[in-house]
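The data blocks that follow each hold one structure.
One chain, chain A, links the two complexes that follow: it is found with chain B in the first and with chain C in the second.
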Partner chain A sequence: MISSHIGYYSLVLGFILSISLLIYSLFCFRKNNKQINQNVFSILFLQLFTVVISFISLVYSFVISDFSNETVYNNSHTTKPIFYKITGTWGNHEGSLLLWLLVLTLFIFLFIVFSKKQPTKYRLLSIFFQQIIICGFFLFLLLTSNPFNFLFPIPNEGLGLNPILQDPALAIHPPILYLGYVGSSIIFSASLASLVENNINSEWAAHIKKWILISWVFLTIGILLGSVWAYYELGWGGFWFWDPVENVSLMPWLCLTALIHTIIVLEKRNLLKSWTVVLSIATFTLSMSGTFLVRSGILNSVHTFANDPKRGVFILFFLFVLILLSLILFFIYQDKDNNSQKEFFLISKETSILINNWFMMYFLSVVLIGTIYPIFLEVLINEKISIGPPFFNKLLIPFVAIFLIFMTIGPKLNWIKDNYRGIKYLRIILFLICLILSFYLIKKTSSEILFTSLLGGAAIYLLLISIEDLFKKKYNISQVISHFGFSLFILSILINSLFSNEFSANMKVGQEISFKKEQIKFSKIKIFEKENYKSVVANFEIIDEKENVISLYPEIRIYNQPNILTSEADIISSVFSDKFMVMNLLKGEEIFNVRYQTKPFMIWIWLSAFLISFGGILSLFRRN
Partner chain B sequence: MIKLTKLFLLILILVLSFQKSLQANNNSLLINKISKNLRCLICQGQSVYDSQSDFALSIKILIKNKIEEGKSEKQIYDYLKNQYGEWIVYDPEFNKKNLVLWIFPLILFTFGGLLIFRKVFIN
Partner chain C sequence: MYGKKVKLRLFFLSFIFLIVVLSVFLILKSLEENVVYFISPTEIKNLSKIDNTKRVRVGGMVKEETIKLSQNEVSFVITDFKNEINVNYSGAIPNLFSEGKGVVAEGYLSDRSFLKAKKILAKHDENYMPPEVKEALEKNK
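Our next item is the complex of A and B:
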């Protein structure tokens, strides 16, 4: 009760501080002081403090199961383990928006603390733009999604948290993803400020690059965690479904990846200024529309939009204002006498980075149109279509293959102008060998041999080239690691999708079925009572041709609040292959639907995705 | 570099000689393949393959029967589209209605290519 009051009023206070910062930062901007007024720091800190207090109050309400709070009532339950009471705070619409706000205020505070070497006016303007975003979020929370609404009479028990969200990976997935999303807000505010101040140059690029890297690393790891969760919790054995909710996190990632490359051109050559700003704006817009699209439920069905028109309208209006503002600023302050006198040479690192951007924008456009096209079609002509993996595979695979080949060349080129060093026949032979190998491995399993073997061949080729580069000191180690990770990533996904085996059958206890060279034996079943669910654990024995026995224990959980069944897969990972088993209850409670899969190179997918982000982490800690 | 190429040739030969014949296509693989490309209409964003709902199970049996009748993959998709509408397949058709969907990224790609061409050659 009392914590909800504290939480609500500190939100209101934070909003007032936000308004005052908007005015005060402009006031200081006009005064041309050399240093930022100490008051600005104080207000920023106070604002962060109010949001922290508000967030803690909400967490506290969840911990003590204060059902006078509507958010807690809707999303918690007294029998839930304490860990999930806490993480349930951001497992819902209101709480996750509060977390957004927390990260927004935290980032601007850190940004101001760590940008002391930058021009004062630029820093003040960054605060101003960031406060516009923060202000919008405060309003959105207070007007449409207040996490501290009261319920009366106070219910005795809450409705509970969806059990599939009660999972450690999913508990930390949203905060990390948000750090990535919200990190892009700093990039957005800073590039607008820099645009207005006509301050976009190599020095600025070196300073903002760190922030780009930070959000990129968090975004990458956030997406990875979500994917790991989908793999073991959704129980389908897949890890990426081209589901709208996933696509929405991939889009800012693609944009940010393009930006990481472009910012290097700006840093080293003082080129591509306008393009850098466009990418910064696009990244943040995509992050924000992503969160909103997911949160407002537009994506799952167009109709849920109408359930809460207030939220939908606010979102649209806010997005519209931000995009309009940035476009206006962009056209007014854009560097007119562009440095077009500086030349771009065909064989140079700049051009290869442009090619990277070219492909990134293409991938982005595919994901974007694949995600929103069904919405438009339904609204405009009231026809429903589904866009899934076949569409994305068709439009992406050929281009990714070519992209991989460019990745073997681009990073090796020099800035400004590289000399044409003649055709390297040995490389071409190596590439052809990779192609033949890939074709031979793939031909029996895939229906679209041409592009798939090109993709495989290119991935193996890039893998070899980047292994070679790893042992040369000449190249940037963090870049080589990320690119190496990327080739390994594509290759592992390819192998995984081509060579996965699966077996599905309805089985009773004691039954034995042979599958390929293995025997699958359903030996016994046990039932346990847990804190907030009943657990049905089966024991399967997989006996291979050499009589080795492996036991797998898939589980069915019957949650009491809310009353939902979940299937927990049992996975045994080894270096080269995962054994994945999941079961479902069929009617009658004696027969189970069992699905057993062997999935090669699963660990390598996770490992390579981590390697990609590790390159970024390494680059953060390296001194130039 | 030469070493690397040689080593790789060796690996290639080894792989080629030890390759075992991979599994032959059979019905259950085809059922899986088809059902992965179908949306379970009553579920939240699941394919027929992933879902255990009654709807998904009945579609799987239907696919099995159609295969046994000797229908091709395409005939099965067409049949299902007729029955449940285009929404059931994850692979949108290439037709007038979906033209923008398929063409937009390719146009953007061409346009981007032209921009880069201009930047590099016409300066």
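Our next item is the complex of A and C:
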């Protein structure tokens, strides 16, 4: 009860502080002081403090199961384990928005603390733009999604958290993903401020690069965690489904990845200024639109918590204001003598980075069209369609193959101007080996898809080249690790999709079925009563041709509050292959629908995706 | 005549333009081939001709007492309370598939009353109904 009051009023206080910061930062901006007024720091800190208090009081309400709070009532239950009571705080619409706000205020505070060397006016403007965003989110929370609404009479018991959200990977997936999403808000505010101040140069690039890296690393890990969750908990038997909600997180990632590369050109060569700003705006806009699409209920998925049309309209309006603002600023302040005397040469590092950007933009537009085309069609002609994985695979695979080849060349080129002489025999030999390998792959898998095997060849080529670079130490180690990770990633996905086996059947206890070279035996079933669910655990024995027996224990959980069935897959991971089994109830409790998959190289997919982000982490800590 | 720089830039611009046109063309063509339309059993009845090479999604309710199981297959009837369609499916079944609940099946139509399903869509919540299904049901009330 009391914690809801505290939470609500500190939110209101935070909003007032936000308004005052908006005005005060402009006031300071006019005054032309050398230093940022100490008051600005104090207000920023106070604002962060109010949001933290508000967040803690929500967590507290969840922990003590205070059902006088509507959010707690809707998403919690007394029998839920304490860990999921806490993580349930951001497992719903209101709480997750409060988390957004928390990260927004945290980022601007840290940004101001760690940007002391930058011009005062630029920092003040960054605060100003960031406060516009923060203000919008405060309003959004207070007007449409207040996490502290009261319920009277106070219910005795809550409705419970959706069981599929009760998973450790999902507990940390939203905060990490948000750090990535919201991190892009700082990039957005800073580049707008920099644009207005005409401050876009090499020094600024060096300073903002850290922030881009931070949000890129978090976004990468956040997406990875979401995908891990889909694999282990959803039981769909895969890690990426081109589901709109997944695409929505991939789009800012593509944009941010392009930006990471572009910012290096800006840092080293003082080129591509406007393009950097465009990418910064686009990244944040895509993050925001992602939130809009997911939260408004337009996309139906696991993430759609509640469908209140008011919320969708609010975000849409807010998004519109932000985009309009940034476009106006962009056209007014855009550097007019942009086309300076500096020239681009065809063979140079900057050109190769530009090529990277083109590819990223192509990938981005494919994903974008694949995601929003169904929405448009529904709004315009009320036709309901969906776009499946073949669309994305067909359009992306050939281009990724070419992209990989460019990745082997690009990083080796020098700045400004290079020539053809750098080609060595070793590389040609490696390239030929990879070509032969890809033809071998065609024959071996009898796959008629030419591009898939070319992709394999290209990935192996990049793999070899980056291993070569790793030993040379001549090149940027974090870049080499990330690129190496990427080639390993593509390769693992390829092997995974080419050599996966799947089997499904409806089985009774005691039944035995043979599949490929293995025998699958449904030996027994056990039922347990757990704290907040009933668990049905089956025991399957997989007997391979050498008579080795592996036991798998897929589980069905029947949750009591809310009354939902979930399937827990049992997965045995080994270095080269995963055995994945999931089952489902069918008509009564006699016959089970069983799905058994062998998925090679799953661990390598996770590992390589982590390697990609690890390169980013390394780059953050290097040098300074 | 134009200088060398201008020519180069012109060449460059037209090159970019060509690439953009090409990729837009590719994307649109691929869209056309890979779009899956959502239809209700009633709409299937009214179709002028059945294309059994085109993937479709059919949504509605699983009719009571129609789920039949064999070792490799599940068959059931999807209804929108006006018309029905028989569905045959082998593969993994999502958590909340049961009689009297909403369902979306994706696959190929063999004729006006028979769907060979390749996928049954997962749902995540007891009360949740795919918006498509809801609308299809409402249309026929």
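We adopt the following convention: the second predicted complex is superposed on the first by the 598 of 624 C-alpha atoms of A that agree within 3 Å, B and C clash if a C-alpha of one lies under 4 Å from a C-alpha of the other, contacts with A are read in each partner's own complex, and residues count from 1 in each chain.
Assume contacts are C-beta pairs under 8 Å (C-beta built on N, C-alpha and C of every residue); 3 or more make two chains touch, one makes a residue touch a chain.
Every value quoted in this text rests on a predicted model; they were computed, and no experiment measured them.
Upon superposition of the two complexes on chain A, a steric clash is found between chain B and chain C.
In the superposition on chain A, no contact is made by A:512 with either chain B or chain C. Once the two complexes are laid over each other on the shared chain, residue contacts for A:563 go to chain C alone; chain B is not touched.
Measured by the number of chain A residues touched, the leading partner among chain B and chain C is B. In the superposition on chain A, contact is made by A:354 with chain B only, not with chain C. In the superposition on chain A, A:388 makes contact with both chain B and chain C. When the two complexes are overlaid on their common chain A, residue A:164 makes contact with chain C while staying clear of chain B.
Contact with both chain B and chain C is seen for A:584 once the two complexes are overlaid on the shared chain.
Contacts of A:369 after superposition on the shared chain: both chain B and chain C are touched.
Shared contact residues on chain A (touching chain B in one structure, chain C in the other): 234, 236, 300, 358, 362, 365-366, 369-370, 373, 383-388, 390-391, 395, 504, 584, 593. Residues of chain A touching chain C in their complex: 162, 164, 234, 236-237, 300-302, 358, 362, 365-366, 369-370, 373, 383-388, 390-391, 394-395, 504-507, 513, 562-567, 582, 584, 586-587, 591, 593, 595. Those residues of chain C that touch chain A in the shared complex are 19, 23, 26-27, 30-31, 33-38, 55, 57, 67, 69-74, 90-99, 122, 124-126, 128, 130-132.
Every residue of chain B that touches chain A in the complex is listed here, in rising order: 1-2, 4-5, 8-9, 12, 15-16, 19, 21-23, 28, 32, 36-37, 39, 44-47, 49-50, 52, 85-92, 97-98, 100-102, 104-105, 108-109, 112-113, 116, 119-121, 123. Chain A meets chain B in the complex at residues 234, 236, 238, 241, 243-245, 300, 340, 343-346, 351, 354-355, 358, 361-362, 365-366, 369-370, 373, 377, 381, 383-391, 395, 399, 426-427, 429-430, 433-434, 436-437, 440-441, 444-445, 464, 468, 501-502, 504, 516, 584, 593.
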